[in-house]
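One chain, subunit A, appears in both complexes that follow, with subunit B as partner in the first and subunit C in the second.
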Partner chain A sequence: MKIKFLIFWSLTAIFFLLSNTTNAQDATSILNNVDKLLFAPKDQQSEVQLILSDKSGNQRIREAQLWQKGKEKRLFRFTSPAAEAGIGFLSLPDEVMYLYMPAFGKERRIASHVKNQPFAGTDFTYEDMESVNYASKYKAELLSQDDKSWYLKLTPLEGIRSDYAWVEVYVDKQHNYPLRMESYDRSGKKVKSSVYTFVKDGSYWYPKEVHMTDLKRNHSTRMISKTIKFDSNLSDDLFTVRNLIDY
Partner chain B sequence: MVFQKKRISNSLNFMEKITAFILRIRYLTIIMVVLLTVLLGYQIKDLKVNADVLGYLPDDDGAAMLFSRIGEDYGGNELIIIGLEGESVFSYEMLDIVRKVTDSVRMVSGIGYVTSLTNVIDIRGADGFIEIGRLIDEYDIPQDEEVLAELKEYAFSKAMYRGNLVSEDGTATLVVAKVLGDANRTEVVEQIQERLKNLQFAGSIYYGGMPVTLLELSRTIIHDVKFIAPIAFILISLMLALGFRSRRGVLLPMLTVVIAIIWTMGLISMLGYALTLLTNVIPVILMAVGSAYAIHVVNRVNEKMQELKKEALKEAITGVMIPVMLASLTTIIGFLSFIAGSYLTMIREFGIFTAIGIAFSLLLTLVFLPALMSIFDNFKRKAANETSSSFIRYISRFFSSLALGNQVVLISIWALIIVVSIWGITRIERRVDLVDYFKKDNQVQQSEGLLRTKFNGSMPLYIKIKGDMQSPEVLHAMKKTQTFMAQFEYIPYSQSVADLIEEMNSAIGEGMFVPDDKTKIIQLWMMLDGQEIMDQLVNYTLDEGIIQANISTTDLEVLREIEENFEVYTKENSNEIVQMEVTGIPIMFKRLDDSIIKSQIYSLVIAILLVVVFVSLLQGSFLNGLLTIIPVGVTLIVLFGTMGITGIPLDIATVLTGSVTIGIGIDYAIHFMTQFVNFYQKNFNTRESIAGAINSSGRAIIINVFSVTVGFAVLLFSNLVPLQRFGFLIAVTMIVSGLAALTLLPAALLLTSGKLEKSFRKKLKV
Partner chain C sequence: MRKVFVFLFIMAFLADLKSQETLGITGHLLTDQRLGMKNENPWLWNENRLSLQFNKRSNKLRFQSEIWVRHLGMPQYKNLADLSNKDKVQPISLDLREASINIRGFLFEPLDLKIGRQRIAWGTADKFNPTDNLNPYDLEDILDFGRHNGSEAVSAIWNFSGTTSLQMVYIPFFRPANLPLAPFSGLLSGPEPTLEEWEIVSIENNTFPPKFNLKEGAILGGRLKSSIRNTDVSVSYVYGRDGFPLPEKTTIQVLQNFYSTKLINELVFPRYHIFGADLAGSIGSVGVWTEAALFLPQEEFKQTTYFIYDPSLNPHVYDTVLMAKKAFLKFVLGADYTFKDGSYINVQYLHGFVHERGNGQLNDYLLFGWEKRFSSDKWLVRPIAGGIATTEFKDFSKNYGLIYSPEITYKGIDNLEIGIGAYIFEGNGGNLFNGLKDFNMIAAKMKYSF
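And then the complex of A and B:
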């Protein structure tokens, strides 16, 4: 009787432990799948439009060209409006980032610890603009799921600097891309939300539009990819300071 | 002649009928009064206090409009400043506290932007690097002594931090919160204080800024009134007991006053209004004015005491009804005139509710008091001379002989008093500092002291600049304006987007100036775009921005000087490219103060004129109307003269004593005049009529003067300077208007007795 009882409880405990790990593994693998989808192309170049709107509906529109190779090399250059054309941001491995302002003809390195600052008036911070593996940054936990999506809670891994205490994300079950993301601050207040519209071009899924809202500032940014080209073997020379200032 | 007499007796008959009716419905009256008192008294529990005077500036006031728009468009206007003082600001412990406080305050609804050391923008550039970030990374507050020392040195090198966020001696730092345009400022302060109550901090924490001052002001007033009102109540009762030497003489006036106050306060609450710094005074006015009505009724009943109860009541009430009605109607007119002459909604509310309160007092005196007396009072027949204390009788006899004595001397004395008072009025001061309202050990004094000595002050001043924010001309104009502001000792620091563009220009290696090339400005701008500070300094369409500064004083004289200079400057420097306008707490506070005083004085004048017309019409004689306002007019002159001589400044609080003057001064005169006319119509003997009036109404006036003066003298022990002054000035008002009614008015009557007789004979067709 006693033994039966013990066995019953041990089995129950093991079952729960197992189910928990399965759960964790699942969440992590979902996140890995998202990363896989996002970083599938070797390189990409696109023309993006940034539509910034304040609470009263006033808009500012900026346009830029974007080149990206792998995860860590990226060049972002504004093309419109005219007075801002040529302003460029070059991101290189090891958190090295350069800024170029054509009106001054000067490039400057941007200090690495300002990543929580807004990028060019948008609701994206430098941190949001980074292309980082989610799995290398966050610990994932599956909160719930339905027919179409998984609902994950992402908590920054130890040692990762982030402005957000945690992020909640809905992932499309069929294609593994994020549908929407909500970021929370330390006090547990939702501070940002972003909605993604993924489309497929050739063999790659990419976000045709990201609509990011800063709930505190009551301001939102739509980043729209107007054109996109994948795997055109971009040269490393594109991602140099010399190219940055060559405008 | 026969017809006239008939008319008079008709009207007396009419009054008698009313009195009979009042006595007939006495049970119903008492039940209704009890019910109403319970009903309205229950409403008082929801009565809110709104000390936020600035919220009462009218919607069409230019500066107020601009101020509230800044509150909405730029993430807040008024400042709530939390000062943290410890051993050293640049220590991990203290910076961590700053971060915690910043976080807590940011969560309070009604708060726009919060600026502190742990979230303030920092722009620096050197060795090919540029950094637009935070002065301190709130997620990684430095612990290393060396890093902290470096940070300190850096922070002290910049005007944006030194004196603004960190004190010169490095022991204190500020968390500055902006209140949103539509928020209830004082409630926001309460929420912040509640949140920070459990903060574990070894140093001292201070709260400063106008919202804090106003909240503290209303808290102290409420605390004070709770403590002082009962004492005043007891003292007034005691004086009434001494005056009347009967339970009736104490209970009845006090009861009507209390019920009238309960009804008025209950009504204010029921109609969804809050107690303001002005309506706060209503209980005081009702105590002074309302008790007078009952005192006159009781006095008259006492006079008829030797007669039978029912007859005594009827006669007394019939006789006193007209003067009491006249007295209260004129007072009501006086307060209603505040509506017409008022610039502020707050004054309008004050006028309406005081008028209603007085109407309540009147109703209670004429309907409830007789009902009560006819049911509960067991009338012992007394001799007439036992109905008031011998002291009061002595004084009334003294006034009688004084008034009938040497008119030349009497009038000369009054003339002298008036001349001295007018001289006093010319010396009246407007130097008002809100902070001086508090005693030295009050936390407001301490906080403001800290903010003025170690920081740049707490009163926000804004200059709105209209123009293309990215054009070099506009940015240069901003810098020029800031240089102009820096001349003033009390404006130690100002901030605009031009400063940030300069900093960016310097960070990129060009130098600390605004570039002349618009493209350069736009490119520097893009790096700042999206920063919290930008939303506080420019609007989204970039065609408007503000310069924000602090003023380190609330001295109205200094504010006046600053406002005048700025009005001229902004006008002279506005052109097609850039237009400027100035606003801010100091500007608004000065305007509020000016407008309250202006509209109060304006209303006092209107009230007096209206009363002259009203009394003239009712008594059918313009001369009577003029004579009746003599005591009020003289009391007002002496009141303001006293303020000039004693150095009590004319401000929002003290100007209100003028209202009490109107209420009291007119009443005394009306009671006296009515009695005088009563006697005069019978004997056409001015001297005898004066003696008769003093002997009857005079007693009531004397009792009223004594009770209210002593009651309000308690305010001298208040914790707040304005309440002390208020108590003192009410005492002056009571004594002067009493003296004026009992000496100056008789003297004036004697002087004009020839004309008086003619007018009366004409009126009565005798």
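And then the complex of A and C:
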């Protein structure tokens, strides 16, 4: 009887262990598919509009240009309003980020304490602006699913510094793009929410609009892609400090 | 009138450029007013500035320029005839801050060549950069310590892969620092000289610039910049000159009444070899930086004094060593941190201010600021901002200076900033902040960018 009991519980444990592993593998492959979709183009360049809204509904508009190459190189530069034109942000592999403010005439490396701060008054933090492969930053866990979407919990991998304790993301089952993301701080409080509107251009899906809400500030930013161009063989030289400060 | 013609010419030239290809014109309108808190509240600063920035790109070339058109200071009319002179009643000044052409990938893809009047900003510290010695200081505004003028220069940067680059700079003509405008003009020149038993009735300070030739007038510099792990580092060298003059020869002439003297200084600008290094990175979540410059005078600097009791007799001559041929180090240690609530703190320890030089002559400064943004960044409040200066921490009470400069800025409308603040000084002894204690002031500023 005792042996049967032991065999039963061992099998049960193995079943749960296996099902969890399968679950983790599924979640990881879902996340890999998201990365595959997001970083499918070799490179992309776009003109974006940012609409900042405060809790009273007052809006401020910024325009910017965005260049992306591969998974880990991104350059973002404001073109308006005049007071912010030229402010540039460069994201490179290994969490290296630089900021350029034309008034100072030199670049500055972004220290880790700044990464959780809003980038130039928007609701995107420097961490949000960083170009990064989700699967290389987060461990994924499948929380639930329905007909249309998977619901994943993403926890930063060991050694990855993030201001978010975890991120919950809804992924479209048909196309593998994120529909909604919710970010939580270390006290378990939801601090950010972003809603994605993906459209297809040629063979690539891309986020036509990202609506990011900072729940603490009660402030939101809609980042709208006005134009986009894929695979124009952007030079690596574009993603250098040399280019960042050449404004 | 000539200035107006020059300005119209520049504008016509730029308008012509614009008609050929897109010329970007941006800039700002700034008014900066400061009012003394003592003695009938005099205006201590009146600046109304129109900054015009021009930018044009074509292929590998980039033209860049900035011009300031300003009403600075007070009207200078003293008699009736001056009222017919617009330069006295409505003084306007033109300041060509920068005008240069940058050629990207000149001859070789990694080489950038920039020629013309330009600002070459070196160093990673916040505003106080001991390694930033190519452009002369522009200290006309005593409270804008980090400002430099542009220099006519040739700068070549070789960009290696990643973040590594080597820059070489040649500046053919030395230009000294701009000293502060009245009423702050004497603050960086040190105390007025005194002579025991003699009254100095007049002082003449004549400056002798270096010869404008290849050897004496030029400034050379080089800087290697890179990053190691998560830290940006650079090392630099400058063969330059002190932007603040020292008296090489002083003539003291006793006047006929035998109790008073006339003092004539011949001021020159000493040569230095300046070795610099800086780094910026983070320790944990705290941003840190340090920057240091070792100044090695090219030669011992002596002041020769000629004391003339009677012009018919030989003068009494003696030498005083003002600066030994001994290196001195200026440095900055700094840290900053942004708290979860978005408030920001910045602290810097500075050894040696911009005008200080020589071993044993460098003061210590602790500068700090704490700021926070409110209402979706519409308001920026700096309730704690200022600094402490001392010659010797051990003897603090005898020689210290304090500055407190709180500020509130409204940024609720795009492109517009309106700020009010105050500058309060206190101290004892011969340091800079104590020298400002008669100039406590309130300040108001408006800036519109376009």
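Going forward, the second predicted complex is superposed on the first by the 226 of 247 C-alpha atoms of A that agree within 3 Å, B and C clash if a C-alpha of one lies under 4 Å from a C-alpha of the other, contacts with A are read in each partner's own complex, and residues count from 1 in each chain.
Throughout what follows, contacts are C-beta pairs under 8 Å (C-beta built on N, C-alpha and C of every residue); 3 or more make two chains touch, one makes a residue touch a chain.
As the structure is a computational prediction, the values presented were derived from the model and not from experiment.
Engineer: Fit or clash for subunit B plus subunit C once both are placed on subunit A?
Structural biologist: Clash: subunit B and subunit C overlap once superposed on subunit A.
Engineer: Mind working out whether A:83 is in touch with subunit B, subunit C, both or neither, as first, second, both or neither?
Structural biologist: both
Engineer: Quick check on the superposed pair: does A:54 touch subunit B, subunit C, both, or neither? Answer first, second, both or neither.
Structural biologist: Both partners.
Engineer: Contact-wise, after the overlay, does A:96 reach subunit B, subunit C, both or neither (first, second, both, neither)?
Structural biologist: Only subunit C; A:96 stays clear of subunit B.
Engineer: Contacts for A:42 in the overlay, against subunit B (first) and subunit C (second): which applies, first, second, both or neither?
Structural biologist: Neither subunit B nor subunit C is touched by A:42.
Engineer: Looking at A:240 after the superposition, I want to know if it touches subunit B, subunit C, both of them or none. Which is it: first, second, both, neither?
Structural biologist: second
Engineer: Of the two partner chains, subunit B (first) and subunit C (second), which one does A:187 touch, if any: first, second, both, or neither?
Structural biologist: So A:187 only meets subunit B here.
Engineer: Mind working out whether A:200 is in touch with subunit B, subunit C, both or neither, as first, second, both or neither?
Structural biologist: In the superposition, A:200 contacts neither subunit B nor subunit C.
Engineer: For A:114, is the partner it touches subunit B (first), subunit C (second), both, or none of the two (neither)?
Structural biologist: both
Engineer: Between subunit B and subunit C, whom does A:105 touch in the aligned arrangement: first, second, both, or neither?
Structural biologist: In the superposed model, A:105 contacts subunit C only, not subunit B.
Engineer: With both structures aligned on chain A, tell me which stretch of subunit B collides with subunit C: 163-171, 307-315, 505-513 or 667-675.
Structural biologist: Stretch clashing with the third chain: 505-513.
Engineer: Name the residues of subunit A shared by its contacts with subunit B and its contacts with subunit C.
Structural biologist: Comparing the two interfaces on subunit A, one with subunit B and one with subunit C, the shared residues are 54, 60, 83, 104, 106, 108-109, 111, 113-114, 117-118, 121, 217.
Engineer: For subunit B, which residues count as touching subunit A in their complex?
Structural biologist: It is residues 103, 107, 125, 128-134, 137, 139-140, 508-510, 517-520, 522-524, 526-527, 529-532, 535, 540-541 of subunit B that touch subunit A.
Engineer: Using the touch rule from the top, collect the residues of subunit A that touch subunit C in their complex.
Structural biologist: The contact residues of subunit A facing subunit C are 52, 54-55, 60-61, 81-83, 85, 95-96, 104-106, 108-109, 111-114, 116-118, 121, 217, 219, 240-242, 246.
Engineer: For the complex, which residues does subunit C have touching subunit A?
Structural biologist: Listed in rising order, the residues are 26, 62, 102, 104, 112, 119, 121, 124, 157, 159, 162-163, 165, 227, 230, 232, 280-282, 284-288, 336-338, 340, 342, 375-377, 414-417, 449-450.
Engineer: Going by the contact rule set out above, which residues of subunit A touch subunit B in the complex?
Structural biologist: Touching subunit B from subunit A are residues 54, 56, 58, 60, 78, 83-84, 87, 99, 101-104, 106-111, 113-114, 117-123, 161, 163, 186-187, 189, 217.
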